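Two complexes come next, and they have one chain in common, chain A, joined by chain B in the first and chain C in the second.
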Partner chain A sequence: MNSTILKTASNYLLPILLLFSIFLLLRGHYHPGGGFVGGLIASIAFVLHSFTHGTDATLRLLRIHPGSLIPVGLGLAALSMFAPMLGGQPVMTGLWLEEPLPVIGMVGSALFFDLGVYLVVVGVVLTILFTISQYSE
Partner chain B sequence: MLAAVLSGLIVSILYIPFGKYLKDRLSICVSFLPIALFAYFASFIPTIRDGGHITFHYPWVPSLGINLDFHLDGLSLLFSLLITGIGSLVFLYAAPYLKGHRYLDRFYAYLSLFMAAMLGLVLADNVLLLFIFWELTSISSFFLIGFNNDNADSRKSSLIALGITGGGGFLLMAGLILMGHLSGSYSIQEMLGANEYLKGHALYGWILALVFAGAFTKSAQFPFHFWLPGAMKAPTPVSAYLHSATMVKAGIYLLARLNPVLGGTDYWMYPLVIIGGVTMLYSAFHSLFRTDLKAILAYSTIAALGILVFLIGIGTPESLLAASVFILVHALYKASLFLTTGVIDHETGTRDVTRLSGLRKVLWPLSIAGILAALSSAGVPLTFGFIGKDLIYEATLHTVGVLPIVLTALALLTNVLVLYAGFLAGIKPFTGPLPQNLTQVHLPNALMWGAPLVLALLGLLFGCLPFLADDALLNPAAHAMLQAPIGTSLKIWHGFNTVLLLSGITLVSGVLLYVIRKPSQRSLASIERFNAWSPRHLFGKVAQYSKAFSRRYTHTLHNGFLRVYLLRIIVFAVLLLAFRLFTGGPIRLTLDQLSPVSVYEIIVAAILIAAIFLAVTTSSRLTAVVATSVIGYCICLQFVFYSAPDLAMTQFSIDTLTVVLFVLVLFRLPPFLNLANRLTRIRDWTVASAFGAVISLIAIQVLNQPFDGAVSRFYGDNAYTLAKGKNVVNVILVDFRGFDTLFEIVVLSIAAIGVFSLLKLRLNASEKE
Partner chain C sequence: MTDNTLIFPVLVHLFTAIVTLFFWRKTVSQRVISIMGSVVAMGVSIELFAKVWTGGILTLQAAGWDAPFGISFVADVFSSSMVLLTSFSGFAVSLYSATGVARGRMLYGYFPIFHFLLMGLNGAFLTGDIFNLYVWFEVIIIASFVLMTLGGRKAQIEGSVKYMAMNILASTFFLTGIGILYGITGTLNMADLSLKIGALENRKLVDITAIFFVIGFGIKSAVFPLYFWLPSSYHTPPSAVAAVFGGLLTKVGIYALFRIFTLIFIPDDFLSTLLIVLAIFTILTGTFGAVIKNNIRRVFSYLIVCHIGFMIGGLGMYSEIALTGALFYLFHDILVKTNSFLIAGLIRKLRGTMNMDKLGGLYAEYPLLSLLMAIVLFSLVGIPPLSGFWPKIYLFEAGFMDHHYLLIGAIIIGSFATLYVITNLWAKVFWKDQTTATGEELLTDDFKPMTRFRKALLVTPIAFLAAITLYIGLGAENITLVVQHIAREMKDPSPYVEAVLGTNVSP
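And then the complex of A and B:
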């Protein structure tokens, strides 16, 4: 799409939307949001970028293929589920730090699980969309 | 014990990375595995001889009653020693036999896998564990039979074997679950206590039918026997190992193992005696007409399996002892004959018995093995076969009523024919003049003639000194089958009696038959005329028709038009839902429980209806897509009104991405060329309206149901205390129902991989052009 306004706007929108998606991810445990919707927003940010700059430019920007986020996310989610087993607790026991960290807030295994979901969603959506868009080009 | 059972599995896995280093000279190294296992199991002989048994318990899935329980008693020990002992020889034998084969590493991996599965099968005390190993033997034997995978016949035979044994395994599973369910335990040792209850239960007949189906298919009983001659396409060491000594005996093992649980009734006895009897006579008779050495051996193996089923069916202490003796007798002589055949095939390049003779001059150590094994199969005095044959006659003679005459005659006839088959395979190739074209044959690697010789000599040793095998193995094995002491022991000499007379008759008539009848291609042709009525042919026809049916069925349902799939899915859903809705009780359409309608909702609904109208009437794809997404956004707004922000956000993002996806795909398509015709549109309209109507009805109906908020109250009350989260939706997703979420993201990943590989594959294909 050759719209200068959209192109310029998307340069600024990309970081803002990404920040917003991380905001949604972090607040998910207490307010509306979460890994799934955060991941979707992040994907929309990249899709918007790819619309204006082309898929190849977005892929260059990402440096890694979005598909490689999938195993990372799955691994993170699985790790956060099974980590309590190391301490002899049942699978998926919520482990939390005593005190909230500045900016991020409460950190616990559920947050890492959510981060895993986030990464998988970004990976899946971008893989599907970019594959199809490259195919139709 | 667990390590012993799993070692084969581990070795077969290790072959994936390291196999290529073991391909050449080192291939023999893997034989240390069965040898070590043999020594390990042999170390239990003293305990078992003294009447003990050993139990191992490892919890696996205790909540489902599946545990890695192993129970070693006489029966398990007999089989374990056969599996590892003959396994050792086969492993050693295969190294020179398949020397330089491209897939030698694979062969050993399959063989180790098979050995582990077989060991697990005979040691498992938990029936579900037993079933898992049972299936593993089917699968590993599939790979072994189809080992020569560039041969179409070989592939087909392995498929048939897998189909028959797998189908039987399926039924067996049902039988085992039924047994476990009724007796309240999946442990065979604990089922022993519930045997009277099981036998008296209304479902006893079903259990028997299902267990028999499993055992008969695995042990190649009539009419499922035909997979075994087909399985002779496997390399000869495999035939020797799987199809004489071990795998086909798994069914026998199962029957022997369950004899104390299910046996002792007429329902148990008659099917076994009849099927065993038919099988042994039918296949022994068939072996008369074969000219391929391996086919002769295959049919005589089926006959031997028939004899074993028959003996277990009779169920007296004598017959069970006879069965345990015959298991060992048969394993020794049949494996020996198979291995001998393998050498002959390897060195002369033919297995046609009509063209082989006089090989004693060039393969003299092998001829000793072959002849000894043949004598043992014939039951000549001083061989182990003699003792086995005696016991079979003892068992048949000591039944009651008219049975002694019928059963003894049956056994006599089978034994005569088995003798003929044994002589044909073990003696015929070595006697007579040596044809000109075979004078260049030379003796192969010592491992290859040594293996059959060891087995044949063992047969002679046990024949002369039967107490060696009796105390340590056979009596404990029969004891385990009966769950009571047997009371008799093996003897070489019983004195002059009917049994001796019968043995004499067997020998004389068998030898006469061998002298008179010469195998020829003509007799092979004469039996092949009846192929059209053979079970193999009939099963083939059934398979063919079911294939044709499924092809037609698939083509009808799976025709590649997405719109047809959608239509079918929706119509099916409508019918199912409507059926349930209208038969589930009166439909009450009360609207008084609805909350008051606000002005925002009216506006959103108006937009929604307009968008729907646009979507169905527009003549541009893009407009239709945009209109659909407007519908989606309107629904998002409804979620917002009803305070479901999480849902609304997600739906909003998904809708956005869906539009993008649509545009990406539709962008490349031409504009609508022509709209669907009138009839199609009416059809689609009807289906869509019906779907909408049914869903609306259900939604209204649901409102009339009393609402129990226990679940949502639980989540609401506990989200913060248990999971430290205030957003209940998210807490459910990442904590309470985290497993669901994990599987959902796995499914998403699979979808992405699917799209990626489908499209990339096609991209690469078009790039090649």
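And then the complex of A and C:
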């Protein structure tokens, strides 16, 4: 798409959207948000970038193929599910740090699960959309 | 007691799938990881079965939220033996896939999806929560859509459209049923439902809700009248995939029917009659279909439908003997059906076709291999003392005791038709001389030029499953002990309910 306004806007929107997606990811446990929504917003940021600069430019920006985020995210989510079992607790039990960390807030195994979901969503959405756009070009 | 080992069969497949995803496009590593994962899963399942068999029902409250509010996982003898059989079939198919699946399919994620499918199956067998059961069914059908369409040939797409449409319809019925069930009882935990449904006054409403589950699971396990998607889709994917589908996918529907109709909806006269009528028609339609088909895999597909009827009939009769027979048949059927599709795949490798008219002379060329296949095919028919024979004795006994003569008639017709179909197949494929006049260019032997190692990878899984089938047939008294135990648990679900809810509920 050759619109200067969109091109300029997307350059500024990319970091803002990514920041917003991380905000949603961290907010998610007790409030609306979480890994899935955060992941969608993050992928929107990259999709917008690919609209204006072309898919190849976005892939260069990402450095890695988005598909390789899928196993990383899945692995992270599965490990956070598996971790409580090492302490003899039932699978998927939430483990929490005693004190909240500054800025991030309470950190627990649920956050890592959400982070895994976040990565999987980004990976899946970008893989699907980039595959389609590369075939249609 | 709470025990994390019960979730291991699910986790092993999950981790195997994730690790194979890391090796995307490295097909050799994927094959090795998949086989290793299946071996581990088999070990874990054997351990789980041994634990449940000696120590009684295991439960796990996910995340430590107590039943009936959290999601419970329950392993009784029924679920753990299903997990065990799944792991046997899964191992055989994973081994067979190493050479039996085209490299092009592996490049697009055959192995990860295969393990996600097995994870879904294990999850469905182990869950004790009806909504969670629905979620596992979704995992299963999403994975199976991908496996079915992987490769993208026209016939595959056509088959999978039918498959997908019917399965989504089935899921809708299932979900609606769950919604109504939640509306009238306020709980989703199956053990809790078992108590609350029993106490409901309005039996008509309960029956109507039960119908939703009959339709939902009926479609998934190809019960008459909504069975037609199965024969028109199972012959399209590669044989390794068809083996998982034929051996396990329809059986998970049967598992769910058995679980729901012995724990939640105890069949009264109406439901019992309904199930028996459905069983009779299922057996007959499957029979007629199998008799007229000429492609080996289509024949096996119709035989699946026919034999599903045997199990539904056993459930419909709902006596301890009938349940014993139906469960025994289920155990035998999982292994034999998986194996028969693997055999169909091997025949295709040997001759390049699955059309029975064009095949022939296999016995003259490969006598040992043919004998191996004979074990499986004759187990499928149920020639004594092979495994298909014993469950039918129980089914007949139950039928005569409760005067279900029509069902007995249908089972006899079904058995004879199976016999006819298999002897016909044997005569045409193995004994008849190879006719070269009709389609010479079609007949290619991919098997002969293979290395010994690749040949072994194709034949070992068939031999492995055949050995277990032989054990089921020859060591039938041990299997009978297991199925009788399960049938007793089904007739009296209070140990299950007590194990999940942790309270004493005996009436």
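Note that the second predicted complex is superposed on the first by the 137 of 137 C-alpha atoms of A that agree within 3 Å, B and C clash if a C-alpha of one lies under 4 Å from a C-alpha of the other, contacts with A are read in each partner's own complex, and residues count from 1 in each chain.
Going forward, a contact is a pair of C-beta atoms (placed from the backbone, for glycine too) under 8 Å apart; a residue touches a chain by one contact, two chains touch by 3 or more.
Here the structure is a predicted model, which is why all the values come from computation and not from measurement.
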Which of chain B and chain C A:15 touches, first, second, both or neither: neither
Chain A residues touched by each partner, larger count belonging to chain B or chain C: B
Contacts of A:68 with chain B and chain C, given as first, second, both or neither: second
Which superposed partner A:100 touches (first chain B, second chain C, both, neither): neither
Touched partner set for A:108, first chain B, second chain C, both or neither: first
Touched partner set for A:43, first chain B, second chain C, both or neither: first
Partner chain in contact with A:33 - chain B first, chain C second, else both or neither: first
Contact residues of chain A, present in both the chain B and the chain C interface: 67, 70-71, 74, 78, 92, 94
Parts of chain A lying in touch with chain B, wherever the complex brings them together: 24, 28-37, 40-41, 43-44, 47, 51, 67, 70-71, 73-74, 77-78, 81, 92, 94, 96, 106, 108, 110, 113-114, 116-117, 120-121, 123-125, 127-129, 131-136
Chain B residues touching chain A - in the complex, by the definition given at the top: 645-646, 649-650, 653-654, 656-657, 660-661, 664-665, 667-668, 722-727, 729-731, 733-735, 738-739, 741-742, 745-746, 748-749, 751-753, 755-756, 759-760, 762-763
Partner chain C, residues of chain A touching it in the complex: 67-68, 70-71, 74-75, 78, 82, 85, 88-94
Residue numbers on chain C that touch chain A, as the complex places them: 2, 4, 7, 11, 14-15, 17-19, 21-22, 24, 60-64
